[in-house]
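First subunit A sits with subunit B, and in the next complex the same chain sits with subunit C.
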Partner chain A sequence: MQKQAIFQSRLLPYALVAPQLAIVLIFFYWPALQAVIQSFLLQDAFGLSTTFVWFENYIELFKDVAYFEAIVRTFFFSFAIAVSSLSFALLLAVMADKPLRGSMLYRTLLIWPYAVAPPVVGVLWIFMLHPSLGVLSRYLRNMGIDWNPLLDGDQAAALIILAAAWKQISYNFLFFLAGLQAIPKSVFEAAAIDGARPMRRFWTVTFPLLSPTIFFLLVVNIVYAFFDTFGIIDTMTRGGPGTSTVTLVYKVYSDGLLGGNLGSSAAQSVILMVMVIVLTGIQFRFVERKVTY
Partner chain B sequence: MVEEEGFRRYVAHIILWIGIAIVAFPVYIAFVASTQDNALIANGQMSLLPGGHFFEVYYQTIFVGTSGSTREPVGNMMLNSLVMALLIAVGKIAISIISAYAIVYFRFPFRMPIFWIIFITLMLPVEVRIYPTYKIVADLHMLDSYAGLSLPLIASATATLLFRQFFMTVPDELLEASRIDGAGPLRFFWDTLLPLSRTNMAALFVILFILGWNQYLWPLLITTRDDMQTIQVGIRKMITTTDALTEWPIVMATAVLAMLPPVFVVVVMQKLFVRGLVETEK
Partner chain C sequence: MANVTLRNVRKTYPGGFEAIKGVNVDVGDGQFCVLVGPSGCGKSTLLRMVAGLETVTGGEIDIGGRIVNQIEPADRDIAMVFQNYALYPHMSVFNNMAYGLRNRGMKEAEVKSRVDEAARVLELTSMLERKPRQLSGGQRQRVAMGRAIVRQPKVFLFDEPLSNLDAKLRIAMRVEIRKLQRRLNTTSIYVTHDQLEAMTLADVLVVMNGGQVEQVGNPLAIYEKPATTFVASFIGAPPMNLMSIRADEIKSQLGSTNAGILGIRPEDFVITDQTPAGGVTLPLTVEAIERVGAETFVYGTRAQDEQRIAANPGELPPGEVIVRIPGSEAPPIGEKIRVAATRQKLHLFSGDGRTRIEA
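And then the complex of A and B:
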């Protein structure tokens, strides 16, 4: 697609793209390139000399049990967060799509958590479910659950998933609602005339028509769970207890922070980059169709 | 319109209110905790109704800060967050709109390669290249500065793509008309294109402001001085003290203050927010 009506100028267009190009080259390409180069190098313990080691950093990573566990954990978190948040948001969106009184108010009251920052989400939830002072922990203990996410890895993971899913409800709700409203009402009427009950109408009409939205949201939620959970994890558990809530991004951060193996940290970054590129590629490849139902 | 029976409609209202309660409960608890006495909270005796320490706690939070972990007034942290968010939002819109203008309205050598160079940045969030980016910002002596906080986060293509898409829909006749009026490229941009882009800019601004205000990992890495902390970083530092008592009312007041500006923006500018969100995700 190109414009027919254009301006002629030799220098002006370059001047106009220059600021963005400069920022992108300095703060995006240069560091990304550094990460790739770094990932092929091995630095000695004092940082005095570096040797080119081909894929050794990558091979070491894949031999490392902790890294493998972080990969599995990240995918598990992503899946759990996406499924729980999407299903709850879909339920709410289907309800809000009905011709109800006050539906605008409902929308407003459901979308604002989008604006809550991940570290704040972490603080809110750890406070409610803190082992000694959390208001909800009392009830859990009364129910006979030995609740202590600061010591129990599985409980910590559950807490992260819960908090992260909570934050994502509003985003998913908004897109589901938009998706639902884009479905022509006549389709429902036709199904109703055919005698389909509401539940059946949902599974045979709404759900299939909504599948592009669901797929789009699935990808967005996975990317969200990969990256935006960092703030939640860092304020709630710091990856602990042990390493039971260390995700891939958290590992890049904490390994680099300890100042340890730069090559390994860089290799981790590169692997993450590849994962995101694949995810974004999938999104672009399939989501284009979302607009043309 | 398919008629809903009374009973089903009733159920829908109930489910929605349950949803709202789930969404609002953690924030309510935070607010309640921010009005109570720390000793009560630390004992696990917190009341579920607001207490009487509202003014005292918020005064201390905004103007003094915690007495233990970070002595930085939260008011100052909010100012840092505000400056960062505004720089990111305005900066990104400014550099994106002019580069999109160049790419759509001019033909010049390397136009498409330049477009692709910008486009690819869409794919990689700052999280995957934090340490190399940190090193560059450090080499440029931009640690603990607003430039260091915002510039690396401006380096992405979302806004450029959005403006490019929008410019493609602007009718060619407008350009012909202003050319007849004797307007050059800059004049056309300023007098015609910018006013037309107002809604898009506003929608984008709302989204970018929220994203900027909520940044966490990057500010965490590159700010070392307490007076350059953003509120998101500050709140984490308040709950780090494992030995000393965490001052929960102040932490919770900070959480409430950290939520206020972006939530306010979402609620008050809902139309722009929804539009911006849907368009940036396309």
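And then the complex of A and C:
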């Protein structure tokens, strides 16, 4: 089969890709370049003078304990969000995969939360768990838990993780369900005849066969937890109390737009950009290999 | 070792579709039973019910004197070979075969000796460390067989195990399966839509159609005395010629009064002008010739043909008759010939095709 298109004119193919290239260049490469340039600059407090300072912004960052804390916090959040969201989604997918009545309906319902924008997710959960307004807060306090995420940093972190993981469950569920359905039913039947009880069947057959999907989702979830949780954090805690829910992305925003330290903010952006490149590289490297088991 | 007995087994799906409409089959200890029938006749469903992969909505399934209707597949002491082999893709050949043994808590030394023995029998010894994706279709099929035999179950169940193989390999594996079953002497139930596979493998042949058993018996007995027109046209290739007959013909030639359909196998015709005593002759116009070397198929149209029976699957189009003659000599296309069959070679059925009439 001929896969290569043949053009009569040499200019036509360039003309055809030009709009796409223009979008990529204007909206991705140009801002990225701006960030890199900005990260080498230092501006005075009033924005009157700008100095080229080479790597000083970066050096300052790595000397800063708060930045180090944000890195650790971000990794912890990512890990917690990915693990909780993946395991819950897998549980739901395994249950939804069974041929039950109305399966289309609840499969559809399980996918809906993905359509909710992150800030809305934040608002939704804060309504349920706000210390004085929240519906669930009362029950928590009745159970003897001193629930106040506005004052308690750990509780605030838990709240962020909960909301962020909840939002991502739908997405993971979709992929897990598709992954499960790609495994021939007869493999499970063979395992059932081979004397494997449901739990053993899950750990020895289902889980290994889903491992490519799990790995793919792990990377996607980490990227999500790194970047897309901004809206949730901003509506729920604004990084507080103190800095207990400030992640790397939120710090870019708060240092740059709230703190006015544009150079440092840009340097942080560049570091994040490098992280994304690394994560995507890992993903392509391993996921593109079709079969990993 | 065990008998398998199906007593009035039924399967009705929640939507109300009746897939199995009361099946009675008795498979003796060590026998090879083949379920054969066209697509959708319920043969695979029936096998899956024996395996415990489908629920039974009526009747009883008895394996070795134990009613297994409510028993989990794992506890029925059966092994199954699937059409797509259903190998565990992430496990080596060795682990594929060992899985069922380890699940049952067998000692690792015993697992190894059993798997090694099965691998030796199936000539898989050099492939034990490979993954299924590194094997050819025939090798995967043998691994699936190995997974079944290491367990030493009471019953083997085969769900069209050869249909994914090419024609040559299919014949070779067919012989292998038969030899293996003879040696292990394990009761087996085998599902296929291929009547040749069914004829060659079966001790007991069960011909199914529309969720019901049409005929049970020895394959040759079924070939020689098909109970219904469905069986007559399904078993044997090319299919039996079936034609409706008029009352006066029946009286004068066959001496039977209530037969409505006459069946003659293509190989039972001879090209001749003479009518054998008590037999029949048909005037034909030759329409097409197929030479396959050792034999030749002559496709002809009956000259005087007014009425036909209702069409069954596998039956010839109205008016067409297939004649199978040895060698490659054949009359030219367009020639008018007469073919004859003796009285002993005629099969008579009632007008609805549901009953065989012995005259």
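Note that the second predicted complex is superposed on the first by the 275 of 293 C-alpha atoms of A that agree within 3 Å, B and C clash if a C-alpha of one lies under 4 Å from a C-alpha of the other, contacts with A are read in each partner's own complex, and residues count from 1 in each chain.
Going forward, a contact is a pair of C-beta atoms (placed from the backbone, for glycine too) under 8 Å apart; a residue touches a chain by one contact, two chains touch by 3 or more.
Predicted model, so just to flag it, every value in this text is computed and none were measured.
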Which of subunit B and subunit C A:153 touches, first, second, both or neither: neither
Subunit B versus subunit C as contact partner of A:241, first or second or both or neither: neither
Subunit B versus subunit C as contact partner of A:200, first or second or both or neither: second
Touched partner set for A:209, first subunit B, second subunit C, both or neither: second
Partner chain in contact with A:192 - subunit B first, subunit C second, else both or neither: both
More subunit A residues in contact - subunit B or subunit C: B
First (subunit B), second (subunit C), both or neither touched by A:277: first
Touched partner set for A:169, first subunit B, second subunit C, both or neither: first
First, second, both or neither for A:184, with subunit B first and subunit C second: second
Subunit B/subunit C common contact set on subunit A: 189, 192, 291
Parts of subunit B lying in touch with subunit A, wherever the complex brings them together: 1-2, 4, 8-9, 12-13, 15-16, 19-20, 22-27, 29-30, 33, 41-44, 46, 48, 94-96, 98-99, 101-108, 111, 114, 117-118, 121-125, 127-133, 135-137, 151-152, 154-157, 160, 167-168, 172, 175-176, 184-186, 188, 210, 213-214, 216-217, 220, 232-233, 235-236, 239, 248, 251-252, 255, 258-259, 262-263, 265-267, 270, 273-274, 277-278, 281-282
Residue ranges of subunit A in contact with subunit C within the complex: 184, 186-187, 189-197, 200, 204-205, 208-209, 211, 291, 293
Touching residues (chain side subunit A, partner subunit B) in the complex: 1, 3-10, 12-14, 16-17, 19-21, 23-32, 34-35, 38, 88, 91-92, 95-96, 98-100, 106-121, 123-128, 132-135, 137-138, 166, 169-171, 174-175, 178, 185, 188-189, 192, 198, 216, 220, 227, 230-231, 234-235, 249, 252-253, 256, 262, 265-266, 269, 272-273, 276-277, 280, 291
Footprint of subunit A on subunit C - complex, ascending: 51-53, 72-74, 78-80, 82-84, 86-90, 99-100, 103-104, 133, 147, 151
